[in-house]
Amino acid sequence: MHVSFEEAQHIIESAVTKSKELGVKMCIAVLDSGGNIKAFARMDDAWVGSSDIAIKKAKTACYFAMPSGEIGKLSLPGSPLYGIEHSNDGLITFPGGVPIVDKEGNLIGAVGVSGDTVENDHIVAVAGATKCGQCDMPKHPWRT
Amino acid sequence: MHVSFEEAQHIIESAVTKSKELGVKMCIAVLDSGGNIKAFARMDDAWVGSSDIAIKKAKTACYFAMPSGEIGKLSLPGSPLYGIEHSNDGLITFPGGVPIVDKEGNLIGAVGVSGDTVENDHIVAVAGATKCGQCDMPKHPWRT
Amino acid sequence: MHVSFEEAQHIIESAVTKSKELGVKMCIAVLDSGGNIKAFARMDDAWVGSSDIAIKKAKTACYFAMPSGEIGKLSLPGSPLYGIEHSNDGLITFPGGVPIVDKEGNLIGAVGVSGDTVENDHIVAVAGATKCGQCDMPKHPWRT
Amino acid sequence: MHVSFEEAQHIIESAVTKSKELGVKMCIAVLDSGGNIKAFARMDDAWVGSSDIAIKKAKTACYFAMPSGEIGKLSLPGSPLYGIEHSNDGLITFPGGVPIVDKEGNLIGAVGVSGDTVENDHIVAVAGATKCGQCDMPKHPWRT
């Protein structure tokens, strides 16, 4: 199952609302469980370069069914996944991308946010994703 | 000046409303005048492959300040611009992309739509763009 | 031998002067004989999308040591080089790119112009290139 | 508003003059505020590989409205933005790229320089950019 268009719109709204609360300017991407773009928004005065980062964070979270920052813990020099960012036409492995998981534990999409500190990016992504599901995958199985 | 986030949202809404009237499933992209993505929506059951086409149609309309289909008239085999699609990391030169022009004749962005016949794609793009401007560039000048 | 920086600047100036005479807005690229960018100019109100086309026309003229439009005659459907535009990360095979050749018949670079009709693009490219050489290669040999 | 062609030419001239003072061979790129190329120069004997670096430094400064080296401080292993270079078709995050900001605090473009030490690259970029504006963004707002 994929996140629906209506859900994707709610995710964007929820992320924008949270961004305004925090006083930050964000780019927000919603992808379906196949990693394909469903909805996107760049708020006024958000960095132009954050658009691609938001999309790639969401792709990273979707492709590996975990928050982008979790991959980042494993991709440092000397760590097992060093250089994984070179795969899949570019991953972004710092925080701000989270999976969207339904009640049965199925991955239904991902949200990626970029525009402020990685802590705020993550907070806004979670605010968006939890509008339509949870961000934690069960240990196994997960299905796209 | 660029299309604002609020305007981009109105463009998406207007294009979605028109799509529903026509009973079609569309991907809709809004770019600023620099060709950078501002907002995007993929309606449920729209082709996944239409996302990139919508973005590239909008890019084509933005980069040349005219509807994408106008370029297409010139890019057929034997025509002056044959093969222009190979430039700019890929252009799409059939209808569905239109520029957004403000009252002073400045290009402020572009809308690209893909998902149905090129006639319907164009109709939906115009319905979106005219929410915030017109689609016709003055002869000259135009400024990005 | 390569076109020098001073020569490249003269080529740009000469092409801009010719563009103003014609009342057109151009993108102008100068590449060395290795196909690497040496100088570039986008005049005000020139299409943003013409930048890449100008560079690719020059690349096409440089890589094959002939005007870009000559390749275009051979790349139409059913012709021997159909689809050559897919090579070399994208060629542009309509007029506007010309080689720069020194007195000994050596290729020293190429000029690419985009922004108006292909006829005007070619005229401006020749106006630039002939500032520092000729546009015709001897039958053979040619050396980069 | 974007940097104009005349301004871009002055930026190139100013950067070339400073390069000659320092006795260095540089590649210099000027982009508009949308990240699209406006003018470019590669001085004689500058590294061919520096052309793309100059363009990517300018893109980095433009997309994030700050000097490229500022991003580099945050993208080291273990730092919050580790791996950001994989976004936007490649960023360059060492010094040599600076934004161009007008008196009202609007981003109007960026300059990227590559060819010598990163310190000299930065000095030459600033010499270029300050010909037409300042390099410091106000805290907020900034608009492209």
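By written order: A, B, C and D. Residues from 1 in each chain.
Just so it is clear, contacts are C-beta pairs under 8 Å (C-beta built on N, C-alpha and C of every residue); 3 or more make two chains touch, one makes a residue touch a chain.
Worth saying up front: this structure is predicted, and the values here are computed from it rather than measured.
Per-chain Cα centroids separate chain A from chain C by 44 Å. Chain C and chain D have Cα centroids lying 26 Å from one another.
We define each chain's centre as the mean of its Cα atoms; on that basis chain B and chain D are separated by 30 Å.
In chain D, 34-36, 143-144 are the positions where the chain touches two or more neighbouring chains simultaneously. If you sketch which chains touch which, the pattern fits none of the simple shapes: not an open path, not a single ring, not a star, and not all-to-all.
Going by the touch rule set out above, the chain pairs that meet are A-B, A-D, B-C, B-D, C-D.
Taken together, the chain B residues at the contact with chain C in this complex read 34-35, 59-60, 62-65, 77-78, 80-84, 86-89, 91, 140-144.
The touching residues of chain B, counted against chain A in their complex, run 4-6, 8-9, 34, 36-44, 48, 51.
In the complex of the two chains, the chain C residues touching chain B come out as 44-45, 47-50, 52-53, 56, 72, 75-77, 85-86, 90-94, 117-118.
Residues 2, 32-36, 143-144 of chain D are the ones touching chain B in the complex.
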